[in-house]
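Naming follows writing order (A, B and C), and every chain is counted from residue 1.
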Amino acid sequence: MMNKTALFIPCSVNLLLPWIGEAVDRVLKRLDVVSVYPDRQTCCGQMVYNKGFFNEARSFATHFLDVFESFDAVVCPSGSCTAMVKHRYPSLFDDDPKMKQRALDMAGRVFEFSQYLVDVLGVTDTGASFSGKVAYHDSCHLSRDLGVSLQPRTLIRAAQGTELVVLNNGDQCCGFGGEFSVSYPDISTAMVSAKAQSYLDSGADLLVVGEPGCLLNIGTYLEKNHPGKQVLHIAEFLDCQGGENGR
Amino acid sequence: MTVHHHDHVEKAMSDSRQTILGRLKTAERILHPDYPAMPPSPFLSMNHKDMVEILVRNLTEQGAEVHRAEGHENLRQTIDRVIADQGFSRIMVSEDPFMENLKLESHAENHCAEFIKPSDLEGNEQYKGTVFSVDAGLTTVDAAVAESGTLVIAHNKTQSRLISLAPLVHLAVVRTGTVVPVYEKALDLVIPNGGLPSQLTFITGPSMTADIMATPFRGMHGPRRLVVFLVDT
Amino acid sequence: MDVKTQSYVTEAKKEMASPASRTFLDFFLPVLSAVREIGMTSFPDPAAAVERARAIRRSSVDRLGELLETFERNAVKAGARVFWAENAHEANIYIRDLVNRHRIPYVTKGKSMITEELGLNEVLKKNQTPVYETDLGEFIIQLLEKPPFHIIGPAINIPTDEISRVFMEKAGMDSASTDPVVLGQAARNFLRDKFRHMRLGITGVNMAVAETGSILNVENEGNIRFNKSAPGIQVSVMSLEKIVPNLDDALHMTRMLCRNGTGQKLTSYVTLDTGPRKQGEKDGPEELHIIILDNGRSRIYDDIKTREVLQCIRCGACINVCPVFRQIGGYPYGWAYTGPIGKLLNPLLLGLDRTRDLYGACTLCKACKTVCPAGIDHPSMILYLRNKNLAADPVLQGEGSTFAERLMSKTAAFAATRPRTWNTAARLGSFLASKLGPCHPLVSAWTLKRTFPSLPPKTYRDLRKHP
């Protein structure tokens, strides 16, 4: 077991979805993991990086490394923020061998939440329980960037009373894409409505995602168009104990 | 077009060649490591009989009709029967040694089909007029590839290109001795000394398309039917 | 070919509302992706086969200059004529002059994206030389004067009654039909006469083999074979990256191309041409002209970050999986190439300033990169193009950033290293955002079909510090 685990909380969770962070805390506590929340953390810089501001993204990366590199493991409830640190940071420092090395060292120690539970802690059953059918949406950065796809399914399947059902085109993008969602609203909402339709067709009682961005996108779409259809973050789902609504 | 203009183009071309190659060759190089190894194709270790069966299966799956024959005489009869059944009256044939040897025209006692060779026809117009109007084209195949059910023809003086393309039906003779597991082996067989023909054609099933509403159908421009005579020789 | 990349957003909107396009996009693209996946399983070891294909393409592009010289030498030795065109104009003029010199009454064409890029049809039309597209899909859109919808099926979205109408008007069809087979038959009959009398045929090139000086084409219909077998003159246009070192590599890439394009192990016809027809042969072209086209590619090559795009083999796999393409189809891309590869090639060949939406409208989902058999990392290059655009890159014609964009990014980068500032600014920013009226463009874009998320009273950080 690693002895120093830090939580990296994405901006979206910090500002808009704090209960996801709290759910992470509770699940980790239930598994006897002592985690710290480094107070000096800010943001991974994905927003400016995806816009094309690479220089500015380097400031974010440098600060992140300063804050987190002393930890044995960094856990983050977002696939895209994890992928930013793991895969984008090293490429930002192609011209700076020293920084590149720091980024590469960090890359091996940063984990998405479900990945951390299954691959690092070796946990499959978190003690969660949810009675009903659950569909899982493979967020792009989790599944294709980090290769994390089995881990969340393993955790969901282990939950008491839960039946994992297939989501058609489950690994197709939900249309969030950060700024994409507001720069190309027509395309973005067409994409999220296709995702919602897959969810409705799946017959699931609940949709689980591992990415706060997808959660915001799908969640607010469902709220407006299919009120009552619920979507939860994987941490919220694993936090469920006995109820049908973990929030 | 004036000669002057033409010269101008030629000159521009040699400049362009220099410019393009100059840019490509002065650009920074990134040298990549050797190709990663691939496991050997399972087709390579297959015995010949199984290979032929896979060829037949692939051919059939792709919509070819396969008739089997043993020896020259039986092959002639089989071809004759198919031609008679279909009522083909004019057939263009390739002039490769195997086909010449088969002497179909002299054995055609039981049918009235006419076998036409390209060399019987004078000039391009007559050849084209004929190959576009015959009922079927009959060719030998130089190699048949099991991995995808592909027929390989090396075009030359005796294997004209349009015979297997312009008629609505392609009758193809495959000798079991030329059945190979993979394309690479077909090349070894067809061009043992590496000298490539002007055209090498790989035929895998009949002509097809799905360009309208994704509805597949055969015989778009080339043959609608591919009939294979597989002969043990 | 007209460049319509700037009307991306309006075209996309139009397409999303078009029932004909929707049917195709919702049904056919997932099917194409599925047959591709099934096709790949016929490799003994699909992953190893993909890795090898990627290595072949990387190495081919790396050795591009040297391989092209070898190809030229061997092609000329086999009797082909090789013409280097630095731009579309040079290629078009070469073909036009050839047509005029030989008094060619009309030309036929096999399907090729490269001649779309050249705008060759327009040039020949101006020269009063009729051009007949001979691929069924290309033939339909040529008659309808529409751009290609999809690389594999250029007219796959066109309703049959529309095809019937234009065939009766322009392709000699006698009576109306909505049966695809009857329509295909009508096209066959019309084009057969053109093949019968053709004197000059134009094709693209799927692969050029350096070691042998050969060119290779893949197809299902047989029209390319006609264009390479029936005429006196064959012109094959290749963009310069189509090169592979040798026949073994060409065969492996052909296996890969067919499986990725249509899921077939091999398309109905694959032809490998080495020089024109030889003495005594009955058919095949007397003259084989190979045009090696640059048209901006050597400049793309110069930058090692963009060079990778030249690895593309035009299989279309990235297009079929792209979630954006699955919503909007091919028209909005506004030029020769569509889908993820179009998001890269069109901007690189046309300039970043008029293609902003192509590299802009991407969620970076990586579906394209995952399937690409040529080893292209589309999302990384999209990010690179965004970066070059903001930096007003002179070579790629970047526009530069706006004052607001610079202010935002600089401020964010400043605050990112100062936690107290960051937290105050983030809290303030989200508070202000929550107070934005529904008329604000960002809010109205989000709430088009979604609710606006409400701002929780406390951040996670606050909750953690003061539970």
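Assume a residue touches a chain if its C-beta (ideal position, glycine included) is under 8 Å from a C-beta of that chain, and two chains touch if they have at least 3 such contacts.
These numbers were taken from a predicted model, which means no experiment stands behind them.
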{"item": "Farthest chain (mean CA position) relative to chain C", "value": "A"}
{"item": "Per-chain Cα centre nearest the global Cα centre, belonging to chain", "value": "C"}
{"item": "Centre distance in Å when chain B and chain C are each reduced to the mean of their C-alpha atoms", "value": "29"}
{"item": "Geometric centre distance via CA averages, chain C-chain A, whole Å", "value": "33"}
{"item": "Separation of mean Cα positions, chain B and chain A [Å, integer]", "value": "54"}
{"item": "Touching residues (chain side chain B, partner chain C) in the complex", "value": "1, 5-6, 9, 12-13, 15-17, 19-21, 23-25, 27-39, 41-42, 58, 118-119, 127-129, 132, 147-150, 155-157, 160-162, 165-166, 183-184, 187, 196-215, 217, 219-223"}
{"item": "Residues on chain C engaged by chain B in the complex (per definition of touch)", "value": "24, 27-28, 31, 44-45, 48-49, 51-52, 55-56, 58-59, 62, 64-66, 68-69, 78, 83-86, 90, 93-94, 97, 100-101, 134-137, 140, 153-156, 158-160, 163, 180-181, 183-184, 187-188, 191-192, 195-196, 212, 214, 220-223, 225-226, 228-230, 240, 247-248, 251, 254-255, 264-278, 280-284, 292, 294, 298-299, 301-302, 304, 307"}
{"item": "Sites on chain C touched by chain A in the complex", "value": "9, 12-13, 16, 30, 323-324, 326-328, 357, 360-367, 369-370, 380, 383, 385-390, 405, 409-410, 412-417, 419, 422-423, 426-427, 430, 441-442, 445-453, 455-456, 458-461, 463-465"}
{"item": "In the complex with chain C, residue positions of chain A that touch it", "value": "9, 11, 13-22, 25, 37, 39-43, 45, 47-57, 59-60, 62-63, 91, 140-141, 144-145, 169, 171-173, 175-178, 180-187, 189-194, 216-217, 220-221, 223-225"}
